[in-house]
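Shared chain: subunit A. Partners: subunit B in the first complex, subunit C in the second.
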Partner chain A sequence: MEAYNTFFGLDSRIVVWIIAQIHLLFAAFVLAVPVFALSVEAIGVKSGDKRMDDLAHELTKLLSSAFSMTAATGGILGFSLFCLYPEFMRYMTNVFNEGMFIYALCFIGEGFCLYFYYYSWDRTQNNKALHIGIGGLLNLFGVTLMMIGNSWTSFMMSPSGIDQETGEFVGTVWEATTNFLWQPLNIHRFIANIVFGGFIVGAYAAVKFMGCKTKEEKAHYDWMGYIGNFVGIGAMIPLPFAGYFLGREVYSASPVMGNIMMGGRFSWTFIVQAILIGILFLGANYYLWAGMERIKGSERYTKYIKYLNGIIVFCFAVWLTPHNLPLTGEERSLIGEQYHIISKYFGVMAAKNAVVNLMILTTFFSFLLYRRSNKFKTVPFTQQQGSGKFIALFVALAFTLFMTVGYGFSILGAHVDVEVKPYLSFISICLFIQAVALIGAVVLTISNKGLIGQWLLFASTAIMAVLIMGIYGFVLMKNANMALRFLSVTQVAMVITCLIMNAVIDAVYYSKAETSEIEWGKMHYRSQFALILLCVLMVMTMGLMGYVRSGLRENWHIYAVLKDTSPWSFTPTLFNMTWVVGLVMVIFFALTSMVFWLSSLTGKKDEAEAH
Partner chain B sequence: MQKSFWYMALFIGILLCGFIYLGSIITKLSGEKGKTTEVATGVTPEGGESIFWGKGQCHTCHSIGSTGSGIRGPNLGDVAARAVSRAEERNAAGASGMTATGYLIESIAQPNNYVVKGFKAEMPYVYKAPIALSADEVKAVIAYLQTQGSEFDIAQIVLPPEIADTGKGGDEGAVAEWKPYVEGDAAVGESLFFDLKGDIACAKCHTVNGVGAKVGPDLSTVAATRSAEYIIESILEPSVVIASGFEPVKVKTKKGKIITGILKEDNDEHVLVMNSAGEVTEIPKGDVKKLKQLKMSVMPPFGNVIKMEDFHNLLAYLLTLK
Partner chain C sequence: MQKKRINFFWVTIISFVIVYLFFKFGTPFIFKGIKGGDNLIPLPGTGLLMYTMLLILAIFTYISFSAKKFEEFYGPIVRFLRDGNRAAYWIVMIITPLVIGFGVFSWTKPKSVSPTGIRIQHPGLPGSLGTVENPLRHPSPEDIEKFRGEENLGSMGEEEVKLAMIEKYTNEGRALYQANCHPCHGCAADGNGPQADGFRLRPVNFTDPGAIATVVETYVFWRVKEGNPSLPPESTPWDSAMPAWKYDYSDEQIWKIAMAAYDIAHAMPRMPEEVH
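The block that comes next holds the complex of A and B.
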């Protein structure tokens, strides 16, 4: 038996790459949209807003045709792997045997639930609990499918259950499944899929919006685009942290692989990633600001936008500054390392962490501005009725205190050299200060000064997580490398606690405020391109990161166990990558347009019946 | 719907072009090559240097003096000098009669026996997968480390069995052996090699068993000294690794004439450059204005010229040359 075959003489790897990436995009869609639809439906039930229910229904309609695309591309992917890489697949099927059956069964389960969820929509209007239950089951199957699929790819990166001497697999399916990188990959992919789902829905709404004739339609799709964007950006905010976690675990799994990723040939891909994500943040902010057009009263805030703009552009620039341009070791050994003064300070991780956090804070700030555009006179906290807001505030406070104080103590208790200790206590002191700021913000909110509370929190986070820690990172780099990883987690913890607390305070503070109507549909045509842009960027980023994740193994099918001895066991250049990902994107969008068009056919029928 | 659909398609098209353009400029900037480079080595400090900065991945963690940017491991700038005191420390702790070189060997064979203060025990076993250096490559790297603060002395490098045995069967089970994925016909390959009228005609430049020209290296025993992957790469992308003694150069004379080819000799009197037809040009040293190493091998890349089938026949033939 041959170890490798070709498909009409084509480069087998590229064939598999393209098919796998297309499959992945559809799978992400089919995973994310049900999560989305179900939440929207649940919110609709809770708030009694019929619009929500209709939106969920419309999304599910898209799903049913996307689901068959997922199945079809998955089948093609399976066949092509078995035909083109038989030896590798023999190894994988030996290892994952039962896992693959469970996968197939889950797929059937998912299909069943999906169609049931969709077709029973109208009948179960009076039994929403059942319908939501089915939706939950659908999501359960979806997530299980994703996790099983992830276990294969993460096994290829960090195989477990291997006899180190012979390289043979001696473990159980469960050991292989729960390999080292499995959970980090699950978390990262799940969140990224939600982002993708949000942006796809946004892009769909944008295209529909641009073709709308009536005012009602316009209002509907404008609103839908807004929701899609909201979900996408919301899920986007924790994504860098999940990515950071995954990256750190890659380092722990294999420092060699970690270095290939961040210091080796793949470090360039992160520059591309930074460009894409930076544009994405710009696009998202642009859309938010454009959305203020719909709101009377937003004039009060538009003047701040140019400053926010400035901050984002600055962050983007720092983020892009590469640390070391000449990349290969050989080149380095020739010319020596000479840093330009800018890249010396802005190019390193400490500075990048700082600006990423600032960018997230700024985007969150624009979102708060957007939210308060249509709010006017507020009701002081002490005059509001009900205990819900107390509960919300205290749950948020308990959680954020747990994050800051808990992590602060765990840093103090970390086993490190005595020389490193003082650096760590500085970091934990910052965490404790943040905890005090959190408490202060809550106290201020309760005594009717919610806005000041928010400012306090923004200020303490920006000063500590961005400014002080950004600078402190350089000190650590010089004196106590070991402390660096605690620093970045601390920055993250501070930013997250600030986001959570400020969001809750915002909700409480404005909960009974006078509002003006949002005029959905009153949105410039141009702004819709921002939604499309976000979706395109997301597809590109997914393609890029897929290339990195897979490429990190270099010339191994299964890292350090099964060598790739095919003629294609080299790393394609970034240029090759952009071509392949571009092609994938074109095919994916062509197929999705078809899917959306197909589902619009039944929509027409429904309308016709209604008349 | 119609018009907005086309706007959207146009917009996506523009973004796509931007993306591909970005890929192309970064690839140019970074000088990436598609194939992984397998560095030609000898058991010398120079061979070790190229492993250090390449295949061995050492540079991703270690710097040497002010060269490199690896910070996860200690700077190895004067490691050989430091190794003397380290060995004493190890001897005091119970190792028997460890020398400075012995310490260098130990830090590669059993990196966790002694963990340098301030660093984590994360130096990999570089002779095991995934880096998987061969015994000779490890020797070469150690020779290179010896030159960092001391004199190199290959005779002192006696590898412990766990390294010396790598690649001698112990590890083979772990790593599937290389196999061609299409069987070629060596006899057909041989005729392609020597057919001077064909497109392939390797014999225009290479000799096998005394037949052929001498522009490129003699290939009579190529399969004995080179791996199959290396040979494949030499044919498809010859410029990735250029055989030593066949470095391409560009010479600019004072009169402005430009001569490119293989540098055959370069001494105080003259420079000899051989072109791809085997003609040698002599340039008196006084006439040479500039001599520049080129990255493009004189051997043309055959990747786009050669048919799949011919390629495998040719490869089958080359693999018989032992």
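The block that comes next holds the complex of A and C.
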């Protein structure tokens, strides 16, 4: 049996690469959109807002044809792998034998639930619990499918159950499934899929918005675009943390792979990623700022936008700066050392972690400004009725204190070298100060000074998580890099607690406020192009990071176990990668347009029947 | 008398020009101030390009997020093109393509400067070294007992003996470092050895937080042992003058040199994290 075959003399690796990436994008679509639809439907049931139910139904329409596309591309991927890489697939089927059957069964389960969820929409209007239950089952199958698929790819990077002497697989399916990188990949992909789902809904709404003929339609699709962007941004905020966790675990699984990823051959792909993610953040903020135009009263806040824009672009600039700026020989001579001052300080993780956190804080601040644009006179906390506000505040406080204080104590108890201990004490103290700020913010809110509480929290987080820890990162890099992992998680913990508590305070503070109407539909087309751009960027980022994750194995099918001896086992250049990722994007959007068109035919039929 | 306001279009253009001029001519003074020395340190061409693009992006974002601001920006352009002074109109129409054409010509014409090179920071460590650890830093119980006997350490605790071993090996490494590495990398491992000025790309400053502190010790071992000949093409081996020390020293001696390099630079090797 040949180890490798070709289709019509084509490069087998590129064939599999393109098909796998397109399949993955559709799989992300059919995983994310049901999560989105189910959440929207549940909110609609709780709030009694019919628009939510209609939105969920409209999204589900897209799913039926997208699901067929996912199955078709999955089938093509399977055939391609078995035909082009038979020996590799023989190994994989031996390892994951039963797991592959479970995958197939889950797929049938997902298909059944999806079509039942879609076709029973009208019939179950009076039995929403049943419908939401089916939706939940649909999502359960979807997430299980994703996790099974992830176990195959993560096994290829960090195989487990292998006899180190012979290289033979001696473990069980479960051992192979629960390999080192499985959970980090599950978390990262799940969150990224939600972001993708949000932005694809946003792009769909933007295209529809620009083709609308009536004010009502415009209002509907404007609102849908807003919801899509809201979900996209909401999920994008924890995404860098999940990515950091995955990267850290890649380094842990193999320092060689970690080194290739962040400092070696793939380091420039992370500069490309920084460009894409930076524009994603800027685009998401741009849409929020543009959205303020549809709200009377937003003039009070638009004057701050220039500063927010400046902060985000500054963060973007730092994130983008590589450690090794490309230089001419003359520039090298003038600099007189290996690194230019800019890249020496901006090019390392200490600076990048600081600016990513600042960018997230700024994006959240933009969202708060948007949220309060239509809110005016508030009712003091002490004059508000009901106990819900107390419960919300105290649950949020308990959770955020658990995160800060709990993590602070766990750092103090960490087993590290004696010389590293003092550095950890400082990090713990910062966490305890953040805990005090959290308590202070709640006390101020209860004392009718919620706004001051919010400012206190923003200030303490920005000063400690961004400024102090950004600088302290350089100290740790030099003197105690063991402590860096604790610093990064501390920064994340502080930012997340600030976001959670500020969101709750904002909800409580403005819960009974006077509000003005939001004029849905009053948006310029540039904002809609921003929504489309966000979706395009997300697809490009997924393509790029798919290449990085897979490429890190270099000339191994299964890292350090099964070598790739085909003629295509070399690492493609950045130039080739951009071509393939670009081509994948074009094919995906062409197919997605077809899916949208097909789903619109159902809509036209419904309209015709209604008439 | 009413004060005349500069319109938003010109505010934007002037802001762009000021920030660009700051990048181009202001930053070299700041870099010189930070680094010291007599020479101005320019912002590299790639950095200037990158930050200028971001500046344009920032400006575009700001002028276009609101319909009012966007109109304020492009309104004067439209009015000038439609109703502006005809002489000025033709001057702009002739000068604009000429300026753009000259810019493109200047950018693309052959120049007598060396090409801009992309350099990989930390070239890939060979897979065969992926699981290798410094045996001197992680001695076996037998090695510890052997060392205890050789050094007459009596009943000293195992951990103390291990620390004594590391100290001894580091000191031996220091002697090797100062004999062989200091001419380029400097006595203080700061990349300022007496021969450092002779290289186009200066030797690595190990005290820089972005240098050896970010890699595992095995990486330093590999670089010392194999030198520039083993670097992959994308890491521009011709930009490194690092010799391959495997011809002069044993693996054990090279591990000691690596330990000394970290010690002299007051840095710690990156520790692989626990796999979760």
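We adopt the following convention: the second predicted complex is superposed on the first by the 598 of 611 C-alpha atoms of A that agree within 3 Å, B and C clash if a C-alpha of one lies under 4 Å from a C-alpha of the other, contacts with A are read in each partner's own complex, and residues count from 1 in each chain.
Following the convention adopted for this analysis, a residue touches a chain if its C-beta (ideal position, glycine included) is under 8 Å from a C-beta of that chain, and two chains touch if they have at least 3 such contacts.
Only a predicted model underlies this, so the values are computations on that prediction, with no experimental measurement involved.
Student: With the two structures overlaid on subunit A, would subunit B and subunit C clash, or do they fit side by side?
Tutor: clash
Student: I'd like to know which partner A:Ser68 touches here: subunit B for first, subunit C for second, both or neither.
Tutor: Neither partner.
Student: State whether A:Ile260 touches subunit B only (first), subunit C only (second), both chains, or neither.
Tutor: both
Student: Contacts for A:Lys478 in the overlay, against subunit B (first) and subunit C (second): which applies, first, second, both or neither?
Tutor: second
Student: Scan A:Leu320 for contacts with subunit B and subunit C and give back first, second, both or neither.
Tutor: A:Leu320 contacts subunit C only, not subunit B.
Student: Tell me which partner A:Gly582 touches in the superposition: subunit B (first), subunit C (second), both or neither.
Tutor: The answer is first: A:Gly582 touches subunit B but not subunit C.
Student: Counting only touches as set out at the top, which of subunit B and subunit C does A:Phe180 meet: first, second, both, neither?
Tutor: In the superposed model, A:Phe180 contacts subunit C only, not subunit B.
Student: Between subunit B (first) and subunit C (second), which does A:Ala560 come into contact with in this model arrangement: first, second, both, or neither?
Tutor: Touch partners of A:Ala560: subunit B and subunit C.
Student: If the shared chain A is used to align the two complexes, which stretch of subunit B, 96-104, 168-176 or 276-284, clashes with subunit C?
Tutor: That would be 96-104, the one stretch with clashes.
Student: Output the subunit A positions appearing in both contact lists, the one against subunit B and the one against subunit C.
Tutor: Comparing the two interfaces on subunit A, one with subunit B and one with subunit C, the shared residues are 254-257, 259-260, 263-265, 268, 323-325, 327-333, 336-337, 477, 481-482, 554, 556, 560.
Student: For the complex, give me every residue of subunit A touching subunit B.
Tutor: 2-6, 9, 87, 166-168, 206-207, 210-211, 254-257, 259-260, 263-265, 268, 271-272, 275, 323-325, 327-333, 336-337, 417, 419, 477, 481-482, 529, 532-533, 536-537, 540, 554-556, 559-563, 565-567, 569-579, 581-582, 585-586, 589, 593
Student: For a test of understanding, state which residues of subunit C touch subunit A in their complex under the given definition.
Tutor: Interface residues on subunit C, with respect to subunit A: 31, 34-35, 37, 39-47, 50-51, 54-55, 57-58, 61-62, 64-67, 70, 113-127, 129-130, 191, 200-202, 204-205, 207-210, 213-216, 218-219, 232, 234-235, 266-268, 270-276.
Student: Quick one: in the complex, what on subunit A touches subunit C?
Tutor: Against subunit C, the touching part of subunit A is residues 180, 183-184, 248-249, 251-257, 259-260, 262-265, 267-268, 279, 282, 286, 289-290, 293, 302, 305-306, 309-310, 313, 316-317, 320-321, 323-344, 347-348, 350, 474, 477-482, 485, 524, 526, 554, 556, 560.
Student: What residues of subunit B sit close enough to touch subunit A in their complex?
Tutor: Per the touch definition, subunit B meets subunit A at residues 1-5, 7-8, 11-12, 15-16, 19-20, 22-24, 26-27, 29-36, 49-50, 52-54, 57, 59-61, 63-64, 66-72, 117-118, 120, 122, 124, 128-131, 171, 173-179, 181, 229, 232, 308.
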